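The next part holds the structures, each set out as C-alpha cells.
Each of the two complexes below includes chain A, the first together with chain B, the second together with chain C.
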Partner chain A sequence: MFRALLKKELMVARRNWIGIVIPLFFFVMVVSLFPFGVSPEAPTLQKIAPGIIWVAALLATLLSLEQFYRSDYQDGSLEQTLLIAGPTQVASAKILAHWLLTGLPLVIVSPLLGILMQINHGFIDSNHTWVLMLSLLLGTPTLCLIGAVGMSLALAANRNGMLVAVLVLPLYVPILIFGTSTVTASLENFSYNGQLAILAALLMIALVMSPFAAGRALKISVS
Partner chain B sequence: MASRWRWFHQLGSPKWFFEKSAKWLPWIWAGTLILLAVGLYYSLWASPIEARQGQGHTVRIMYIHVPAAALSMIGYVAMAIASTIGLVWKMKMAFAASRAIAPIGAAMTFIALFTGAVWGKPTWGTWWEWDARLTSELLLLFLYLGFIALHSSFAERAKADKAAAVLAIVGVINVPIIYFSVKWWNTLHQGYSVTQKGALAPEFQVPLFTMIGAFYLLFIGLVIMRLRVEILMREQKSRWVADWATEQKAQKRGV
Partner chain C sequence: MTNKGLLASDLTISRAEHVLLEGAELELAPSTITYLYGENGSGKTSLMRCLSGLLQADSGKIYWNGQPITSLDSEYFQDLIFLAHALSMKAELTILENLSFYARLRGIKDPKSLIDDATSQLGIAQLQNRRFAELSAGQQHKVALCRLVIEPAKIWILDEPFVNLDKATRHWLALLIQEFAKQGGTVLFTSHHEIEELAIDQRIGIEH
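And then the complex of A and B:
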C-alpha cells in the first residue's frame, strides 16, 4: 500500500514537473542574491555562506510543501486516499515523496552554491562541500517531516502560506542552528562530528514522531 | 472506581465548571491580592539590594522575571496536557482550557522576555543576546502565537480545537530545551539557583517565593476567567446559558 501511495505521489509530480523544478530555482536564486546584496568578496561570502544556504534550503522546503498537500485536499482525493489507507501511511508517502523531489535535489545542487559562495575553490575536491552536502542530507528530511505536520494542520484553515510558515519556522530553528554550525565548524577546520550527530538525532526523533502527528493532522483536516 | 473518577467527569461538564468556578474566583483573587501585596512590599522595599549585580536595585526585576518565566513554561505544558486530554478523551472542556491558557501564557512569555531585556541592559550591558535560554524562550513565544494563529484560522471550532491541539503537543519539545538550556549550553544566562539549597539568601527567598505564589494564583485566576468566557461562547446555544443570561439581566435591572 505504501508503495502504491508513493508511486502515485511521484507520478503526479512527474506530470507537473515544473512544480518540482521551481523550488530548486528558488533555492539557487535566493542564495545568489546575497553576493549582490551584501558583498561579492570571498571572505565575507564564506562567513555568511552556511547560514544563507541553510536558510534558503529551509524556505525552499517550506514553499514547496503547498503543492504536495493543497491540491489533493482541494480536489477531494486526499479524503478518498485516507479511506483506503491509514493516515500515518498516507503522511509517510507524502513526506518521502516531498523529500525525494525537493530535499534530495537541494542536496545535489548544493555544491554549485558552495562554489557561488566561495566556500571551496574546486568542484568537489574540497572537504567543505562534502560537509555541506552531508549536513543537508541529514537536515532536509527533518525539514520535510516537520513541515508535513504544519502543512497538514493548516490544510483546512481558511488562510494559507503564511500560516504554515508561522507554525513551522519555530520548529525549524534547531535544525538551522546545527546545520549551519556543522558547515561553519568545517570551514574553520574544527571537528563537526558532534553537530552531525545532533542533526542525525533530530532526524530520528522527527522520523518517529512526525508521520504519526502528520497523519493525525490530515485526518483532522478532512474530517 | 466510579467515584474516584467523578471529579474528572465533572470537570468535563462546562455547566458544572461554570457554576463552581464562580465560587472559586473570589478566593483566588483574594489570595492573589494578598500575596501580591506582601510580595511587592518585600521585593520593592523590604528586601536588600544585591551587592554583586552592580546596579543594586536591578535585582528587584527578578521578582517579576522569574515567576513570569516559570509560568510561561508551565502554561505551555498545561496547554499541551489539556490538548492531549482533549484529543484522547474528546473532552470539550480540555480544548476550551487550552484555548484559554494560550494568550495568558504568551503574555507571561512576553513579560519574561521584556523584564529580562530591561535587567540585561544594566547587568550584561545588552538588551538582547542570542543566548540559548533567551532564544528558546523567544521560540516559546512564537509557538504560543502559532497556536493562537492556527486556532483562529478555522471556520469550524471543532477542527480548530483539534488542529491547534496537535500543534501544542508537537511544540512541547521546546519546554525541556528551555529549562535545561542553561545547563546544556553554558552561554550568558546564569544557571538555576532558585531550587538549589543555599544558592539564594533567605532575604531574597521570601519575596521571590511569595511572588511566584502570587503569579501562580494570578495565572489560575486569569485562566479561569477566560475559560468562563470561552464556555459561554461555546455553549451559547444551550439552555443553561440562556437561563444564566436572563438571570443576569434580571439582576442588573433589580440593582
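And then the complex of A and C:
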C-alpha cells in the first residue's frame, strides 16, 4: 500500500515537474545573489556561506510545502487515500515523496553552491563539501517532516499559507542553528560531530512523531 | 437491530452551528439498496461523509457488522467504497494509472485485466492511456464508476452517482448496483431524481 502511494506521488510529480524545479531554482538563485550583493571575496563569503545556504534551503522547503497536499485536497483523492490507506500511511508516503523530490535535490546541488560561496575550491575534494551535504542530508528530511505537520494543520484552516510559515518557522530554528553550526565548525577546523549528532537526533524525533501527528491533523482537516 | 450491515444510532450532525440532523437512526442491511433524498443543503452529503468516517458526528455511534466503525479502522474502510462529488482522480495521470493506483491500494497486485473489463463495460477502454484531464466530464465520471467494478467492497456509499451520465450508462449503473445488492452488498445512494431502473428497498428523506 505504501509503495502504491509513493509511486503515485512520484508519477504525478514527473508529469508536474515544474513544482520540483521552482524550489530548487529558488535555492540556487537566492544563494547566488549573495556574491553579487555582499562581496565576491572569499573570506567574506566563507563567513556567511553556512547561514546563507541553510536559510535558502529552509525557505526553499517552505516554498515547496505549498504544493504538499493542495491538488490532492482539491481533486478529492486525499479523502479517498485516507479512507483506504489510513492517515499515517498517507502522510508518511507524502513526506518521503516530498523529500525525494524537493529536499534531496537541494542536497545534490549544494556542492555547486559551496563552490560559488568559496567554501571549497574543487567539486568534491573538499571535506567542507561533504560536511555541508551531510548536514543538509540530515536536516532537510526534518524540515519536510515538520512542514508536513504544519501543512496538515493549515489544511483545516483553509490552507492558509501564512499560517504554515508561522507554525513551522519557529520549529525550524533548531535545525537552522545546528545545520549552520556544523558547516561553520568544519570551515574553522573544529569538530562538528556533536552538531551532526544533534541533527540526527532531531531527525529521529521528527521521524517518530511527524507522520503520526500529520496523519491525525489530516484526518481532522478533511472532516 | 441486526448485527449485519451499517447502523447509525442517535446521530447528530451539525455544520457551522446549524444542526443538520438530530438523533437520526439509520439501518442499512446487507442486500439492500437505500435511496437518500432531500433538498440541497439538507445534509445528505454530510450524512454520507459521516457514515464513511470522513466527518465526525457531534454525537451518536455508527456500527459496521455490530462494531463501532472507529474501532475497526481499516477493516471497515477496506469494505467501503465512497464515491463523492469530487471524482478523486489525478488530472496528470492516465485512466490506467489512476485506476491501477486505487486497485493496488486495495491489494490487487495485477489489476490490468480488471481495468480492461471495467473500461470495456463503460466504453472507455480505448481511452485507457489518455490523461484524466483530457477527458470530457461524462468520461471522467465513467472512470470514477470503474472503481465499483475493480475494487472489492461490501458497502457502497454513492453521492449522486447518476449525475452527468448518458441513458445507457445510467442503465448500466442501475444494473451494477442491483447485482451488487443481490450478491449481499449494501448500497446507499443519493440522487435528485428517483431512478426508475432501480428496485429500491428503502427510502430515507431528510427535511430542513
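Keep in mind that, in the parts below, the second predicted complex is superposed on the first by the 221 of 223 C-alpha atoms of A that agree within 3 Å, B and C clash if a C-alpha of one lies under 4 Å from a C-alpha of the other, contacts with A are read in each partner's own complex, and residues count from 1 in each chain.
Assume contacts are C-beta pairs under 8 Å (C-beta built on N, C-alpha and C of every residue); 3 or more make two chains touch, one makes a residue touch a chain.
Owing to the predicted nature of the structure, the values given are computational and were not obtained by experimental measurement.
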For A:Asp75, select first, second, both or neither according to whether it touches chain B, chain C, the two together, or no partner. second
Between chain B and chain C, whom does A:Met1 touch in the aligned arrangement: first, second, both, or neither? second
Should A:Ser223 be classified as contacting the first partner (chain B), the second (chain C), both, or neither? both
Figure out whether A:Met151 sits in contact with chain B (first) or chain C (second), or with both, or with neither. neither
Please indicate which partner A:Gly86 is in contact with in the superposed arrangement: first for chain B, second for chain C, both, or neither. second
Give one of first, second, both or neither to describe whether A:Ile95 is in contact with chain B, with chain C, with both, or with none. neither
What is the contact status of A:Met11 with respect to chain B (first) and chain C (second): first, second, both, or neither? second
Those residues of chain A which chain B touches in one complex and chain C touches in the other: 223
The chain C residues in contact with chain A across the complex are 49, 52-56, 73-74, 77-78, 80, 82, 84-93, 97, 101-102, 104-107, 131
Report the residues of chain A in contact with chain B in the complex, numbered from low to high. 149-150, 153-154, 156-159, 163, 166-167, 169-171, 173-174, 205, 209-210, 213, 216-217, 220-221, 223
Enumerate the contact residues on chain B facing chain A in the complex. 87, 135, 139, 142-143, 145-146, 149-150, 153-156, 159, 162-164, 166-167, 169-171, 173-174, 177
Taking the complex as given, what residues does chain A use to touch chain C? 1, 3-5, 7-8, 11-12, 15-16, 71, 74-77, 79-86, 222-223
